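Each of the next two complexes has subunit A plus one other chain: subunit B in the first, subunit C in the second.
Now for the complex of A and B:
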């Protein structure tokens, strides 16, 4: 479901740099347009406590986050650390389990309903359980992020692995390439586009889970700052922290898209020659 | 979301049986772990106890009111989200320039995690029903919007040209050709949103309350003195509710859009 993923503007094509610059220009003008609209609407509404202007929010964002290295160390670093630990955990476990399940129809049918059920549980519902099992430290938060983020990776890996062209696997077997090579050279590469689609979904869920886990039982992190700001009615700080979370999500997403473009470069090329 | 709507080419009865066996093995494992006291039964009660409690609360009017509260917020949120996202998606999907500008604006808005809005909505609107609804709308607008835009851009230009040649005006083409061709995509968006919206409704209730709901019921029943079984039964019900909603939506998809290649499964 990569609706916004295949944007033509960032793909190096014939007109390469010019198209890319045009894309950046368009992005910038859209961003500026949104900022101006925000500024105009909030100025007209004239309710600075509830609906602060764009300039006010960005000012506060600059003061309390962007220009304050202390806030980076105190809040941002622990948050990002837990986020990445949980997400990488979800990726490793999800791809490994997904490959195992995807390779066997019996396994797929046996655990299918369990996966559907577990995936439908709202992750915060498991918070009390995780607290009892793991305490309220970092382990609990990483586990929450992992539990929330694993499903898209797992399901997409199962889907990608189970729909590998059987002829490709059989050809590999005829050449006696061994199980490990079959997995790393045939199965996983051909499942990679689907796996990456799952990675992208799971990354945005991981950001959500990071915030949730920090909202409930914690002493630091961006989610904690957000709840503190709300409890002490610092509305402007709430807005500034939301901006920060948006930027975190955007940057992480862009980084993953870059990795995806690099890893799946062969796939796009192959698809283009085919069509 | 892949993997949920895949047509089952092999015998469905056999795979359903395997699913049942898998679930039974898991339940037996939980039961065994707690009976053998490898896990503290106060932390994780035996599966049989959880299941009996689940059966009991499903007959409890107070719990059913909570389920009703969650489903009400879910339904209102979904309706508003669809009423906003479908027209917007139709508009944005119809022209290339608005599509480009819109996808970029969305690119900046979408990374904002839905739960990050919880504190803001509490400050602005308090913790009533509209608190839940606003969050549900925010989270479920995106999949519907994306799929509508995608569906509108997938409409066969030849069909549109043909309709124009037959003298249909723009509204008629939109209604009879484009919307109809895009409807399976729109439905897929609604189906994805339905699951997200339910998870978000219960999550919001768990984190911040917001009127009667499964989440608020679980908070009330996770306090000291209440047996752990109740919390787990609440988890089981919310999981089953999510599975049931997804099943219903998939069944509806097969019924309504059997004509479409994506549902028939021949195209990818």
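Now for the complex of A and C:
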């Protein structure tokens, strides 16, 4: 960006083109460069079973996933359902609990160590326990996703809610706006930038937890397809499924970023004015 | 029997972390504000002006003494009162448009939607911001932001409006404009204003009466009536001999009180300070 900006400053006639090339063009050329490198290296290695070429992987991704609505229904839909149920659960519980804890200094100090302990447990380690407690059905998988994804939301909400500008809350008190409006119109909007940072982290954790929970004792889902492909030596399908998982993560993150851009438009504007 | 709108009696305040032997921040403050009055409180910096205002607003609790609003002791934030804080950037909500900032206090007053809308528009028109209604506060200059804060207070229609150094953070020309605007709003609404400032000129220019505070432990040093005719004018009023005399009187009161406070510990120091002034 800074390079493109410098060009634009010295040659105002091509400013728009320069910025455009610097932005989209740069990203696109890096992507193409990587694909070409992949293709060249795998062609040279010439081991199509273990190291398939870029063209082969994308071809298989197209055949097995992109062009097959049946595969979407069979595998993608259950996976996304679990992912969204677990993630939204984590968001709702995390923001609600985080607000309660963040608003009370006593709660912060008493619950703090417990949260730090629970957060320190690697979520995949809970898989055996959750299977014992909840079986191998969707409830277990949703619970795994929720447990893994809740911590960034919870901790960032506590942080955001407890650091609301005191004068903002006092202004609310002076104008007697009531507890509900104080929470929904002052505390939560003020904490929103930090909460969204937590949402982004938790979303990528939710994708990880989805795959892990689907790799054991399951009959459908993207994680299940991945393990099935590996067990039946369909290596090209393993690669294609990994591409699919990357795309899922990327698209979900882009959607969240769009929501964030809309909700936090005021924040970006205020930050820009301050600097 | 009718009460004065605001009565402050023998109010004292000691900060929670200060030990009991230390002198209190506010020692003995008593004054009254009647309906329709415009009273300025002026005092040296550090004299606890903001603390006093916070106690009146129910945001802080006096260590001793009593505050009554309309005859009732103030224990929590009273509903008859609004504040304009000095720090508009931390008092306005950056996630709300100007219109919504003004609307927030009105949401719980049980007003019909039409009256709410009208109050917002009238208040913003009064402060000259009709066109900024759909902007965010951070898109406005400092002076305009403080106008929004004033519009928010005006739309709330409080019986008494507290202003805590409201114009201390804006430039001189804006400050003059805002002083005139505050007086116009006060006149238009027949409201009551308690205006805290450290600026002697400002206190004499806007108020009917100036309450002069001493240095801490703070007491009321004097009450100075300001019989200057209204409407007042930035140039003519400030050039009048009456204004100049009143300003000098308030300045002398503050200086004497400051010297007295220091004089308790060291006469030599007092002399130095008096000479210096």
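Basically, the second predicted complex is superposed on the first by the 253 of 275 C-alpha atoms of A that agree within 3 Å, B and C clash if a C-alpha of one lies under 4 Å from a C-alpha of the other, contacts with A are read in each partner's own complex, and residues count from 1 in each chain.
Everything below uses one rule, namely that a contact is a pair of C-beta atoms (placed from the backbone, for glycine too) under 8 Å apart; a residue touches a chain by one contact, two chains touch by 3 or more.
These figures come from a predicted structure and were not determined experimentally.
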Judging by the criteria at the top, classify the pair subunit B and subunit C on subunit A as clash or fit.
-> fit
May I ask you to decide whether A:114 touches subunit B, subunit C, both, or neither, giving the answer as first, second, both or neither?
-> first
Of the two partner chains, subunit B (first) and subunit C (second), which one does A:194 touch, if any: first, second, both, or neither?
-> first
Return the chain, subunit B or subunit C, that is in touch with more residues of subunit A.
-> B
In the overlay, answer first, second, both or neither for which of subunit B and subunit C A:123 touches.
-> first
Give one of first, second, both or neither to describe whether A:226 is in contact with subunit B, with subunit C, with both, or with none.
-> first
Quick one: classify A:50 as touching subunit B (first), subunit C (second), both or neither.
-> first
Is A:158 contacted by the first partner subunit B, the second partner subunit C, both or neither?
-> first
Answer with first, second, both or neither: which of subunit B and subunit C does A:181 touch in the superposed model?
-> second
Rounded to the nearest Å, state the minimum C-alpha distance from subunit B to subunit C in the superposed three-chain model.
-> 13
Seen from subunit C, its contact residues with subunit A in the complex are 57, 59, 77, 79, 81-83, 85, 87, 90-91, 93-96, 104-105, 107-108, 136, 138-139, 152, 156
Complex interface listing, subunit B residues touching subunit A = 1-4, 6, 10, 14-16, 18-23, 25-26, 43-44, 100-101, 103-120, 122-124, 146-147, 149-150, 195, 198-200, 202-203, 206-207, 215, 218, 222, 231, 234-235, 238-243, 246
List of subunit A residues in touch with subunit C within their complex = 165, 167-168, 170-178, 181, 185-186, 189-190, 192, 266-267, 269-270, 273-274
Hey, which residues of subunit A end up touching subunit B in the complex?
-> 1, 3-4, 7, 9, 26-27, 30-31, 33-34, 50, 105-106, 108-114, 116-129, 132-133, 152, 155-156, 158-159, 194, 197, 204, 207-208, 211-212, 215-216, 223, 226-227, 229-230, 233, 235, 238-239, 241-242, 245-250, 252-253
